[in-house]
Amino acid sequence: MNWRISNILAGAIASVALALAHGPAAAQGSYKDPGISDTQIKLGGSYPFSGPGSAYGAVHDGAKAYFDLVNSRGGINGRKIEFTVLDDAYQPSKVVANVRQLVEQDKVFALFNIGGTAHNLAVADYVLRNKIPHLYLNTGAIVFAKDRQKFPWTLIGIPAYATESAAFAAYIKQERPNAKVAVLYQNDPFGQDLLQPFERAAKHENLRIVAIEPYNASEPSVDSQISKLARSGADVFVSFTIPKFAAQAIRKAAELNWKPMQLLTSVSASADLVLKPAGLAASQGIISTAFLKDPSDPASANDPAVKEYTAALKQFVPNANPADPLRARGYALAQVMVKALEGMKAPTREGLMQSAMSMDAEVPMLLPGIRIQTSPTDALPMKALYMERFEGERWVIMGKPLSPSPQ
Amino acid sequence: MSLLRLEQLSSGYRNADILRNVSMEIGAHECVAVLGANGAGKTTLLRTISGLLRPSRGVIEYRGSRLPEAPHRIAALGVAHVPEGRGTIAGLTVEENLRVGAYTQRSRTQVEADLAQCYERFPILDEYRHRPATYLSGGEQQMLALSRALMARPTLLLLDEPSFGLAPKIVHLVYEAIRRVIAEGHLAVLLVEQSAELAMSAASRAYVLKHGEVVGAGSREELRGSPGLSDAYLGTTGYHA
Amino acid sequence: MLEGLLQVVIDGCASGAIYAAVALALALVYKSSGIVNFAQGEMGMFCTFITWWLNQQGLGLAAAIAAGLAIAFLVGAMVERLFIRPVASYGEFPAVLTTLGLFLVFNELAPWLWGPENRAFPSLFGNGVLAIGAARVSAESVGILVVMVAVGSLFFLVMHKTKLGLGMRAAAANATSSSLSGVPAPRMFMLGWGFATALATLAGVLIAPRLFLDASLMLGVIVYALAAAALGGFTSLAGAVVGGLVIGIVETLASNYVEFIGSDLKILVPLTVLLVVLIFRPTGLFGKSAERAV
Amino acid sequence: MMNVRPDALRWLLTAALTAMALSGAAGLGSFYLGQITVAAAYCIAIVGLNIVVGVTGQVSLAQGAFFAIGAYATAILRVRYGLSFPVALLATGVVTSLIGFVAGLPALRLRGHYLAIVTLGLSVAVVPVANRWSSLTGGGAGLNLGQVRVPPWIGLSPEQYLYVWGVMLAAAAVVIASRVARSPLGIAMSAVRDNEIAAMGMGVDVRWVKTGAFAASAFFGGVGGGVFALSVGFVAPENFLPTLSLLLLVGVVIGGSGSVPGSILGALFVQFVPDYAAALDKHLAGVFFGAAIIVFIRFMPEGPLAALAALYSTGHRLFFKRRST
């Protein structure tokens, strides 16, 4: 085809696209920072609604349900929450673009509940440069809590993965001091973030790890990894997996007649998504940690917080299954966020950070005894968690909340 | 009554007609050649008749009624087209190619008999019957293509340059077979060829195409009698069969 | 050590059975329409969801599977008619890229309709475990292999011993020539897509109990299945099954006994095997060269 | 038209187009600058892929891998070796074209689907290899490139500076590839695409043309990846899933296979249509994007430029005169 004509056309279309890209600039009120007014607070989020991590999109349902509930009750001091979310397909580069869009186009006041370790690391520089509160991340990477110089505007939402790892190591030490430990982990930031502190904690507790097997989330099955771990002769099996692979692992271990003590990360500690599909018989006695109330547990059906959660989800996100613990997590973190917004002394981004970094509060959807505690030098909002054991068809909380120090 | 009648037929690709206002008639059991230089529209003519191209204007009448649109429906009415380049079906064996030719035939015993006849006509096909058809030489593939068409027991056989790319000896062999088929008298043949001499060794009369239009027609004798015609429009003298 | 090896080989066969199941569907659609359908796995996944949903609605498992396969056949045929046929004449790229578009559509439609979470899928073969010496294998894995070999053989017979199969192969290899011989090529393509989608759904129904059903059911399998189908030569149904098993076994062996590869790089094993085989046999183990004589 | 003018015209148009795009740097916020810089990165990679797929006719599903290798190479050269980014980009291009040359070797034996699947293998390898080689790549946690340093006399923000670089590199890629496609080498490439045996008969060394095409496409792919890494400021394995190669192929076909300027449109499609799709319904973004691909291919199989040109020529015929030949 004629180069000249095609160039003109390409140029014309490209310039139309450029023109489309120019958006109107939002007006700013009398407030110092954008995204907040007498009647409104704009929050921005980014979730994987598509792509390989799309199961995590469910977290958004819970958050949305709680914000809608708060708005239906009149908002926070008369300010309604507008929660703008974009799809990032679980790609860090998309999170970067989304955050730029949320801050520059949508003029959000703060970022809330973005998931994934690499994904949040990717935007950390940007939020620091632009001084945007980057709160209650849906990741437990301890680096955000430790390196406050680099991440002063960032705060994780869930217990540090390292906290869970330390709890696991301590539990193994207590139950089986001479254990031979086998670990299965997902070969991405999620799994690596759980594995690395666990290795440190195991060293600290003098535990012997005899086998570590990675799996790629893009592959169909972990059967051959479990087979390999079973042959290592381990008598403790730690599973840092997402639900589908957690269920595969439990079932394959049973098929191989391998009966180690099993510890399963709380991400996959779901009766409905993991243990029932894997088979209840094979799931008895599995250990995990908990910080959230379990909406699928019949025993908690009368808990007012769970009742409110179930009703809110039904009202505002009608098709969502409330049993998914990720939805409960989103709901709980939205409760924390609302507390932080309520505690603002000044309606500014700095005011929000100050509120978030000096909190001592109970949150209804969290298990009793787990408080949100932060201070300017302490960026681990949830330090405690419970050990729990799967018995019959439900999780049973064991003992008191633990606060192991993350390694 | 004519078997095939074309009236003011135009056809081609996209919005450019290659054939323009072509009219011709072919009677049952006769062999008619279509002569013309490269690009005269000969192949377009055959492709339009067999339904691979849709005419932009004009009428194709076969046994007194219009042809359906889809090529396989036209084939089911007894029109067999040996396409340019032989149309060997890759990945199938020689025998499977022949059986595809008999796809419209219902009687199993008759198909087996026709198969035997093909093998008798071209023993080389018998020898290679279980080989992939693409392993055959060009001439063998032409014999296969002709046989595949005959397996359909056609009433009208369309042949597109059966001599193309073949050594003179092989051309001779192929044309001998074509003449034998015509002599058997069961079908009519529309034969496209660049070489007038070659085509007229089988055909009894011919149409001459130039730039997509019929510029001449006549019997074997008439064409022979006007050497100007073949020189002017055909250009080549071609093979002696 | 030897017991370990037996278990490793058996695990490899179990994975291989899964790859083979999907590879068979890929080979069938290639054989009957000449297109590598990137959406094959996703269409199978989608129809597996339909089967699951029918089962949830109270239909018995066997009836749900039968209905699911019938729906899959229709879905496949419709997709060919509505989306593939219009672009088929443009050449190969547009058709293949259209299957890529379909891939995205089906991949996202399923979680939108049924939710993103994984779920159990009832097994046709129960939860039994067979012991072979000291090695153990689930009845399901054996069942997958047996059913796929049986179905593969059935399709082989249909494709090679019936007139319909001859027509389908001919249409795929040379649509023009075939239709000039009276083969209704468009209908053959529709049938081919229908059969292949039903076969992919059968593969989905068989593997979903092992892998658990979610929208990514086939995502992990499709690369292996493509490699298996290519290893087998694309047009060969037996080749697809053999290719799947070879890949499953070699992959599991390598991840167990080659320190460097381990479980994280094992996905590279089938692709390397494929590359090496193709360098010596550019049309796969069982593929027939269509380009010998020009 | 005379001999000199079209060339001059081309340069003029390219310059005007580039100037128009560059003027955007003044008015756009950093979000859009980033978006368009990423689109420019895709454009560079799609131009490269077009050389292999459109011009030489070889199926490659490895372009996403070259893009990833380029992104990582640039990131590593910047972070670990502190190279300035233009130098890093150039080194990246050299590295990836060497890898591309090797990756092109299978094309000497394989064709069609077999080549597609083998090249897909390279794309599948990216994520696990990046995770494995974490000492270099940062593993799953990724590598942070930080912002580029802008020479103070230029007076642009880092985003604007990268945007200008991205647009100019994309324009350069389009111009260079167009010239190559028209050069004797490009004609040899097209000959390989149309008929390998005939090309050999014409004295074309098919082996060099094929591997050379892969090397060239990898060069552009790598530079595109480098621009991507600089613009995003961060590289992590999840950015480079095997689907990226398919996405770039979508860019080639949507823009018009073989049409180098079409690559610009292909890149804009790949970069912006998913966002528009997600704006319609975030849970159905893939459905809309997939549907957009299907519709574009259905109605513009040779790309929008060819479709518009066909429309133009039809209109021209209708309005002016019906030529009778």
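The chains carry the letters A, B, C and D, assigned in the order they are written, with residues numbered from 1 in each.
In the analysis below, contacts are C-beta pairs under 8 Å (C-beta built on N, C-alpha and C of every residue); 3 or more make two chains touch, one makes a residue touch a chain.
As the structure is a prediction and not an experimental result, all values here were calculated from the model.
Put simply, the chain farthest from subunit D by mean CA position is B. As a whole-number value, the distance joining the C-alpha centres of subunit C and subunit D reads 32 Å. Spacing of subunit A relative to subunit C, judged by their CA centroids, is 35 angstrom. In this assembly, the C-alpha centroid of subunit B lies 48 Å from the C-alpha centroid of subunit D. Rounded to whole angstrom, the centroid-to-centroid distance between subunit B and subunit C, based on C-alpha atoms, equals 42 Å.
Residues of subunit D in contact with two or more other chains: 128, 131, 242, 283, 285-286.
Annotation for subunit B: no residues touch 2 or more other chains. Listed for subunit A are residues 50, 52, 57, 187, 214, 216, 218, each touching two or more other chains.
Here, these are the chain pairs in contact: A-C, A-D, B-C, C-D.
Listing the residues of subunit A that touch subunit D in their complex gives 1-11, 13-15, 17-18, 21-23, 49-52, 57, 85-87, 90-93, 96-97, 100-101, 103-105, 116-119, 121-122, 124-126, 141, 143, 187-193, 214, 216, 218. Contact residues of subunit C toward subunit A in the complex are 4, 7-8, 11-12, 14-15, 18, 108, 111, 115-120, 127, 129, 136-138, 207, 210-212, 214-216, 219-221, 224, 251-252, 255-256, 262-264, 266-267. Those residues of subunit C that touch subunit B in the shared complex are 163, 166-167, 169-170, 172-174, 176-186, 235, 288-293. Against subunit A, the residues of subunit D that register as touching in their complex are 6, 9-10, 13-14, 16-17, 20-21, 24, 27-32, 34-36, 38, 127-128, 131, 139-142, 144, 146-147, 178, 182, 228, 232-234, 236-239, 241-242, 256, 259, 261-262, 264-265, 268, 272, 278, 282-283, 285-286, 304-306, 308-309, 312. Every residue of subunit C that touches subunit D in the complex is listed here, in rising order: 30, 36, 38, 83, 86-87, 90-91, 93-94, 97-98, 100-105, 107-109, 111-112, 223, 226-227, 230, 234, 264-265, 267-268, 271-272, 274-275, 278-279, 282-284, 294.
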